[in-house]
Amino acid sequence: MDRVLNNTELRDEEFLINMGPQHPSTHGVLRLVLKMEGEFIRDLVPHVGYLHRSIEKIAENRTYNQFMPYTDRIDYCASMPSNQAWAVAIEKLAGIEVPEKAEYLRVIMTELNRIASHLIYLGVMSLDLGAVTPFLYTFREREWILDLFEMTCGQRLTYHYIRIGGVSRDIPPEFGKSLKAFVADFRKKLDDYEAILTENPIFLGRTKNVGVLPLDVAKDCGASGPTIRGSNFAWDIRKAEPYSVYPKLNFTIPTGKVGDVWDRYIVRIQEMRQSCNLAEQALDGLPESDVIRAKLPAVLKPPAGEVFSRIEAPRGEMGYYVVSTGDKKPYRVKIRTASYGNLQVLAPISIGWKIGDLVAIFGSLDVILPEVDR
Amino acid sequence: MSTIKETIKGFWNLIVGLVTTAKYLPRPAVTLQYPSERWTMPERSRGVVVLLSDPETGELNCNACLVCMKQCPVSAITVTQAKNEKEERYPATFTIDNTLCCFCGICEEVCNFDSIKLTGKYEFSVFNKADLIYDRDKLQELGRDVKYEKKRKPKPAPRPAAKPSEAATASAEKPESTETDKAPSGEEIP
Amino acid sequence: MLELDKALLAIYAGLKTWFISSGIPVIWLDLLVMIFAGIVLIAVLALTALFLVWWERKISAHIQDRLGPMRTGPHGVLQTLADGLKLLQKEDIIPSKADRKVFFWAPVIAFVAAFMAYIVIPFGKGLMARDLNIGIVYVLAITTFTVISLLMAGWASNNKYALLGGMRSAAQIVSYEVPLTLSVLGAVMLAGTMSLNEIVEAQGPYFWRWYWLPQLLGFAIYFVAATAEVNRTPFDLPEAEQELVAGFNVEYSGMKFAMFFLAEFVNMFTVSAVATTLFLGGWQPPIPGLAFIPSWVWFLSKTLFLVFVLMWFRWTYPRLRVDQLMDFAWKFLLPLAFINIFLTGLGVYIFK
Amino acid sequence: MTKEDIIRKLQDKFGSDLEVVQNNQPEPFVYISKDKYREFCRHVKTDPELDFDFLFQLAGVHYPMPSAGSGSSDERFEVVLSLSSHAKIHRMVAKVKLDIIDPEIETISDIWAAANWYERESMELFGIKFLHHPDPRPLLLVEDWEFGYPMRKGWTGPDFIPMPEK
């Protein structure tokens, strides 16, 4: 499936197009080499690594707490789940009990972050299809979520909120009211997005039955999250291997039908509604307590051993494999990100489609490149 | 027949889309005209790092325990210790390299003496990269107007030399700190 | 208010007497008038294009809950002028492998073709540069020139994205030319003339007698096909930003880019003006009682409304795919256009 | 299946080629011998009771010093597979030890397509050679990278700035 394309292999009427790393719809710096026949894609080779920052090597040179800000930068659209995956891994390794209130706060924050991340997906996806306005609308709603985050942890993008053993700070008193107002408003705004996109015949024409992802390909290539749920497969780590307080909360897993671009879109729309419910439920169930962080030594030294954590990030399954030697620094950290698996399905499902469809398919996979390159 | 129905439905949905965008046309903008209007930053906002001073005496709270320097994940903080004539530690130099700083807030969290804080200030772009390396005076100047409350109970300090209350009084009783700042080289602890 | 045509006619009459009394042949005066009309047209249209760019930015901004340009002039009205000046100063980059001559002439053709269409557009009562008796055919012929310039630009850039954009635009404009022309025929059949001025005169100052009502289908087809003709969303495939970066003008910079850009907006105004002329009664007021408002105000307001609808489309809809675009033209619009002509013919036969 | 069930089932099948790591994690951690590696992978994927159809991640680890690491004490490279099953909802970590000099192993990218990129990554970052890999190009590093294998312990490159020890 992967190899270098070069000019000598080309037949008549075929040509190579180098799409990216600087291209409006490669969402950052993905480079795709396309073999085209007119408008049709005959072959496709993705090249990644333009954002490689060697975070895994950095992790080996930082203490467990010091590495937490770096996890913000793995997936900049959804830093909370990245934080949480790291925290969960170390808590599992060191056997740390997390206070219940912290778990609820984690759920609120990760679900809000899931909405924020899906909003970026929705905006960028519609932008890829040529509709500019939903992009601005989604960013307008995302701002509100970022305001909530900034109110709580002081940052809008690199939150560094979920910590090993808990969370960094309690929510401010006005947070709950603002969250309720946001959720109420956001449900109406979701209807607006759907009015512009969901049943729009142009949108339907661009997305229905385009880029169908068969379930076996998805499983084989390691796709996860909404990408695999779009292929009519109800798989969600929050249900399958529950962590945090998800077992106490009530939500469903939306799935698509055939696995085309539209299914992946509608799964994310419905997930945003579910996340609204989850955030509300978690806020209502928030225990009265002041303890938001387990008592830990200043320099954390987990026992020697290894662990792998796995949580449901907005884009799919995210996890860390951590080897500890009992030192204050991890011996080896392997970061498994959702986009890494999701990007691998791009080539099998977009060959044979047109260049306009490639943009739609790639948009629907919701790949964040820094997550792939790390 | 179903084709005609589909077509009509399609046109209807196109009109629904137009109505939705038209709905937002007369609404007031949600954006701000940045240099003339400004957002009020939340109290917890994590922006430029400053050094806090005692509001009564105007002296730095820092007693150079070096914990922020050790905990900084990007090594943006450099502190050198010095001792005044009362054998109390104070930071002879305190440099924060804002080109490295990732505004994670770890330094504020680990500080036991309410002396370093991330503030809501965010406008610090300069034309020269070297100007982003803030020294002690600049950090102190930035921290002058920052309000803070002594919210943290002092943990046992990593070095048992100074207790926070002593540190505060120590820094309060340091009248010649500006002079020592000018000639700190002789007093540095390696 | 000012009735421009009467004032101009008075000036013309005065000058004519002066020319005759001075013994200069009147042909010089006619030449002078032509040059004057040309200059005025270009000036007005350039201003219109500048205005439309600003207007588009404002409309998009307000639809998207923001403000758009606000700094240059009140509400940023001078923003396009500032942008134009900036583009003038920019380096004019010609790719080393480009076909230099073709690369140079493409924006010029686009620009000139865009402006030439206005010779026959009646801006107001008696306000037109030339009243050709085949005015509508002339407009259709001239606006199709755009495709040549886009193809030239796409080919000469020696860039695969530009080439794809050029090819897309050629296929698109040639395809949509057919339903566009057929939809115009209905109005021509009703008016019984091809002169744009006479078509307007035939519609009269009653808005229920304008051709949008008997030609509702034709109007819709014309408007959709015209949207495609001027490469606006949802038919902006030649310059589909997310697919082809900028399509045919990906290699253009500086003033050449500005010429393409302005030509696009002038074309948008053209198709709206033609639609106004053919279907919305041109410069005629909606009811006779409103005739005290100058005719050119009516014309401009109707045209600008149609331009606004075009912009509204752009900021609402996603983009079609290239095969869907072709399907839509040949399988949907073209049969409808034929049905429209047939029904119009039937109606004309029965009622006249 | 529970941790014990999986371990018992695998021990029945592979016997002495399988070494179980004792830890308190909820999922089994096993070492499989290098010779049986491919057979093991194929078995755990196709066996209807195990049904590990999802390769969560594949990581290389470098243990240059004796006594480092938890399971064993010899110097080695390790390839670590995190596997999970969609149908059975259980997971497992399988590890295989490689020689410290010229580490090489058969590819499993034909068993799980997801392994393709993980193996390419381990190839360029650790220098672990995956034999018969369909596309052994570097994935993340630049194409003309010539400064060795950066994820190995003790690596230094031209622009390498070590974290200051404080």
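When the chains are written out, they are named A, B, C and D in that same order, and each has its own residue count from 1.
The rule we apply is simple: a residue touches a chain if its C-beta (ideal position, glycine included) is under 8 Å from a C-beta of that chain, and two chains touch if they have at least 3 such contacts.
Quick caveat: nothing in here was measured; it's all calculated off a predicted structure.
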Query: Can you tell me the least number of steps between chain C and chain D, where a step is a move to a chain it touches?
result: 2
Field: Taking each chain's C-alpha mean as its centre, the one farthest from chain A
entry: C
Field: Top-ranked pair of chains - ranking by C-beta pairs in contact
entry: A-D
Intercentroid distance (Cα basis), chain D paired with chain B, Å: 42
- line: dist(centroid_CA(chain A), centroid_CA(chain D)) in Å evaluates to 25
- line: Taking each chain's mean CA coordinate, chain B and chain C are separated, in whole Å, by 56
Message: From the mean C-alpha coordinate of chain A to that of chain C, what's the distance rounded to whole Å?
response: 45
Query: What are the residue numbers in chain C that touch two or more other chains?
result: 63-66, 315-317
Statement: Each of the following residues of chain D touches two or more other chains, namely 163
Message: Multi-chain contacts only, two chains or more: what residues does chain B have there?
response: 14, 17, 20-21, 24, 30
Message: Residue numbers of chain A touching chain B in their complex, please.
response: 62, 65-70, 72, 133, 137, 140, 143, 147, 150-155, 158, 160, 168-169, 172, 192, 195-197, 199-202, 204, 298
Message: Give the list of chain A residues in touch with chain D in this complex.
response: 1-4, 48-49, 52, 54, 56-57, 60-62, 92, 95, 217, 219-222, 224, 233, 235, 240-241, 304-308, 310, 317, 319, 321, 323-325, 331-332, 334, 336, 340-341, 344, 373-374
Query: Inside the complex, what are the residues of chain C that reach chain B?
result: 59, 61-67, 70, 312-313, 315-317
Field: Residues of chain B that touch chain A when the two form their complex
entry: 9-11, 13-14, 16-17, 19-21, 23-24, 30, 41-42, 44-46, 71-73, 102-106, 109-110, 118, 158
- request: Under the touch definition given earlier, write down the residues of chain C that touch chain A in their complex.
  value: 60, 63-66, 160-161, 164, 233-234, 236-237, 240-245, 315-324
